[in-house]
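Just below sit the structures, each encoded as structure tokens.
Look at the two complexes coming up: chain A is in both, with chain B in one and chain C in the other.
For the complex of A and B:
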């Protein structure tokens, strides 16, 4: 039983090897190269020094040290890099992964536990990788009579919707995936998809606990969407724009949390409810309804839902920073790029290397990213803290908080904004 | 120039298609997330064990009991009033954004009708909340 390949013959092994090589060559020539050509037809390639950068040129420039930095720069400013890496998916997923680890350690410290400890040399820093490997190698169990297509696609749609939300967040001046004139309305439109995905996955599982959790999630997300929308109206009244980048630029002198603290508090509480975090974690209440709408998820499906919910957490924290804490605005603390490297090159002993094309990014972009990340991490910290402190509240208390108290406070916030505008404190001719 | 295909922005007119093209990045990000995460499910399906020996394994979770009745049942939807209120007041909240984003260009007298609108909606909401406590009518 434990013998690996009991009928091993060298001839069979060589035959399978040559077979595999043959099929790889055939598929590459018949499918791979035409597919690359078709893809290249639709991608608009950047122009460098007056010549079109074809893939052939890009490969030859790798060996041409003068052009290495410009090639990297042209890739850095392409749409694909923005979507895949920096203000888009990679950056958000990195912060989300960091949030998961920080949350586990923080909760452990609050409850006088150790937390993840044994994976990795330092404080269990590799725990997340171990969890990922565990989840990806576990069996995915789908309950009998479940609606299989919806059950498989709901986690992917959850992650993709969270990623679409992330695409609207401006991280640094000019660094945003989708710079829309109606950015804030687009945010509301995307938030509106989450209850639908939740209730679909809950209904498709054909189980009672996910269904109860899904109905609770629907009530919660739906009733906290109105205070969330109304609490941001004050910011829109004071800036007169819905574009998120312009909202950040208008906060260069004063952050809006100074003038609209009530709106910020209402928005923060609504965010806690939209994210289903304690004290509003009724849809996932583990002591009442097993795991709520996540009960039937197992293996990588569960992992994807977790990734989506932490991407959503990052996006909401970033939205709070953008709207109330001034986004990327902050004092310039990043030193300017040394000018002698641009004029003279890098000197190391007797050797001087001229590197044309530097600097790769601007000082403003680095500084903005630094401040944005610092503020976002601070807001994420404040979203995580209540989990160690508060108990869960009842559903009727939740609905009465959402509908009676938060909406009334949001209306008060609107009138504060109107008063500031008409008293001439803010707006045209005011402080901003 | 006054076709609905053109948006007038100050003196410069832009094609509606150009304005809509900005949204394509949101869709591209959506698609990228699908392309980036779907392989995780496929790889998991390829490397994880799949044993179909025990049919009890595929029963829905009911805390160790054999499940009774259908999973998707008709049931009494409590707090249904709040869902109905959401349908009305969500639209109201979005209407307010049309006013809020242009308020710097409007005259100050234009605020009074909006405040009257807010008052009417606030009264309606208070009445609906009062009615929502009487659960016997839902």
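For the complex of A and C:
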């Protein structure tokens, strides 16, 4: 293999470095600072030294090392941050982007090639950004006889539904966008939206191949939703709650995958089908029906659908972690925050700075996030791997797997859960 | 009365159960051709293959060029299998001109022809993999194909269109140290081919998907005039290399792989078994080849044949490949007709696809070992 890599030259390197610094400064002043101002308008600012901060005051304090921490801390605990950044959309989008990159490099290694290589300084790490820019800059072509409002709305609804799914996932103790008492029921409701959006977009394109793809997606999603929901009933029976945070907390001693392995397997296979991933990617089978229900999408509409499907992938992997792998539970490996920084302050040469408001986050939150991310990445890895190993299956095989085998296995799983409950092994007042 | 439109372009009634799909020529699941498929739900009602998108008039062009200048353009229909498609033409011209080919040249031809079977069949296998949604099976053969291509580049100087066979032998002798490199790479390729079984041919999903689909019975295979791997997958023991040996194939031990079910799985497995057999043939040829001697007969400029006609055929990657050459005492052939395996295998496609599910379409279509460009010529 001949890869032509340019020779390292110090001059070019320094030039690229200064270029990067220049663009970072330009983007910070033009985008970053206005964005910070906009964000500050939307969060509840703390009372500092007896005065309620205004956004402008807070903005000036952002650049003062002693006063910045309370402002940042109030930002971290605001609803805006939860929805847009940490347990919500930003965290999920980051993991989804990492998933796309990992998928491409992993498959490339499996298939004896290099994968993305040139874009970015390290192993094509910026390839995703380049692809995104390409999709944004492409023209959006809408078929002449398409139902335009629905054709436009469907991809946006798809991303919105995927983001709503993400918002239900508890990442760390207390860190969840929407902590509902009927969390699992809300998950089922959201999963039920995807086939409707898919068939709407497929039908609105008014084209043959998207229509066939949409019908296939409908068949697939509807027939795999039933084993998916049934496989989760075992967990609900054992915990007696639908709240996802409480389900995680009930797994502090053991993970449900130990007692309900059949349920976990059924759920995993159903997830592969719901995500339309190989071997269940019939709705997008390119050798049969071009690109299935995505055929008429172009430009950023297509990009939105891809974003939505990878958000969905993250959300399903996270749901698997929450229900079967104990969510954020794990041994404490994050060291505690050094107490002398709070009591004595930070020594920086001759001066000692007392920073109020430390520590910003708790030890449990960091540890939980770490374990949750590790487990989610592991589950995503297992979702990605079949793409390199299996061919696509046929629609009649798919339906027979869904209706005959998985539903039967899901019922066996429910009986196992009931047996464990009535034998007094698990559940409220159980042995373990 | 509405004007009569060509098939595939007719307007459909909205309440019609039957939907017409144009698979190709701009469809990822077609080659340079079109399949007009009518589906009732998920079941194919009728299939009408529509080849001819890459017709280049190779046979007509051959009537205006002399015997030697025909070589570079006659190989164009299958650039991956260019030695094999020139083979019957060279054999025929040699008989017309009365040329005697040296023993060494015959062995070199066998080696080049079997290496070409690798480059063609691995390409075919790669596309079969991606048609079934198996992306690893697309990348592995496409990468391993480089080994055979490197060998052929060493041998002929070109990666694909070799123009290596000429009437009276081959264009140039083996390069130095070719035998060792060839043996090493063939051994490695054989190892890789066996690894394909683990990921592809023994894959339970692949077996469940392609077994008992598009079944071509032994009688139908003979009746429809199929050839090559399709015929052998249906249980007919027919290989031109053993039934009508040409050049030195009668001195080599060629084993014919015959499978009996005649479904897509067997049709996809026969070319793979053929490649494994090619490894044996190349090893035998390298061993038995005379170590020295000329490889090319010197020709007069513009040689003329007599008033004669000749039909020769060889076993190509897609089946028996024949060339019918008519000579009328001129430097140009009066008529050249290529009888190609692709077109003959295409004929059975409507029979196989009728009543199948739409999802089986790529599995059946590409298992016929059909190369659209060769069928159009």
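In the analysis below, the second predicted complex is superposed on the first by the 364 of 432 C-alpha atoms of A that agree within 3 Å, B and C clash if a C-alpha of one lies under 4 Å from a C-alpha of the other, contacts with A are read in each partner's own complex, and residues count from 1 in each chain.
Heads up, the rule we're going with is that contacts are C-beta pairs under 8 Å (C-beta built on N, C-alpha and C of every residue); 3 or more make two chains touch, one makes a residue touch a chain.
These numbers come from a predicted model, not from an experiment.
A.B. asks: Identify the partner contact of A:290: answer first if only chain B is touched, second if only chain C is, both if each is, neither if none is.
C.D. replies: So A:290 meets both chain B and chain C here.
A.B. asks: For A:241, decide between first (touching chain B), second (touching chain C), both and neither.
C.D. replies: Touch partner of A:241: chain B, not chain C.
A.B. asks: Comparing chain B against chain C, which has contacts with more of the residues in chain A?
C.D. replies: Of chain B and chain C, B contacts more residues of chain A.
A.B. asks: Scan A:138 for contacts with chain B and chain C and give back first, second, both or neither.
C.D. replies: first
A.B. asks: Which of the two partners, first being chain B and second being chain C, lies in contact with A:409: first, second, both, or neither?
C.D. replies: Touch status of A:409: no partner.
A.B. asks: Check whether A:83 is in contact with chain B, with chain C, with both or with neither, and answer first, second, both or neither.
C.D. replies: Once the two structures are laid over each other on A, A:83 reaches chain B alone.
A.B. asks: Does chain B (first) or chain C (second) touch A:395, or do both, or does neither?
C.D. replies: A:395: touches chain B and chain C.
A.B. asks: Give one of first, second, both or neither to describe whether A:279 is in contact with chain B, with chain C, with both, or with none.
C.D. replies: second
A.B. asks: Have a look at where A:208 lands relative to chain B and chain C in the superposition and call it first, second, both or neither.
C.D. replies: Both partners, chain B and chain C.
A.B. asks: Could you say whether A:355 touches chain B, chain C, both of them, or neither, answering first, second, both or neither?
C.D. replies: neither
A.B. asks: If I apply the document's touch criterion, which positions on chain A are contacted by chain B in one structure and by chain C in the other?
C.D. replies: On chain A, the overlap between the chain B and chain C contacts is residues 208-209, 290, 395-396.
A.B. asks: Can you list the residues on chain C that touch chain A in the complex?
C.D. replies: 19, 21, 27-29, 42, 129-140, 143, 199, 203, 205-206, 208-209, 357-362
A.B. asks: Considering only the defined contacts, which chain B positions touch chain A in the complex?
C.D. replies: Going through chain B, the ones touching chain A are 19, 22-23, 25-34, 36-38, 40-41, 43-45, 47-51, 55, 57-63, 67, 70-73, 77, 79, 82-83, 85-86, 89-90, 93-94, 96-97, 100-105, 108, 111, 118, 122, 125, 129.
A.B. asks: State the interface residues of chain A toward chain B in the complex, per the touch definition above.
C.D. replies: 79, 82-84, 88-89, 135-145, 152, 155-156, 159-164, 166-168, 177-181, 184-186, 188, 190, 203, 205-209, 211, 215, 218-219, 222-223, 225-226, 229-230, 233, 236-237, 240-242, 290, 295-296, 299-301, 303-304, 307, 395-396, 399, 403-404, 407, 411, 414, 418, 421-422, 427-428
A.B. asks: Contact residues on chain A for chain C in the complex?
C.D. replies: 107, 110-113, 208-209, 212, 278-279, 281-282, 285-290, 387-397
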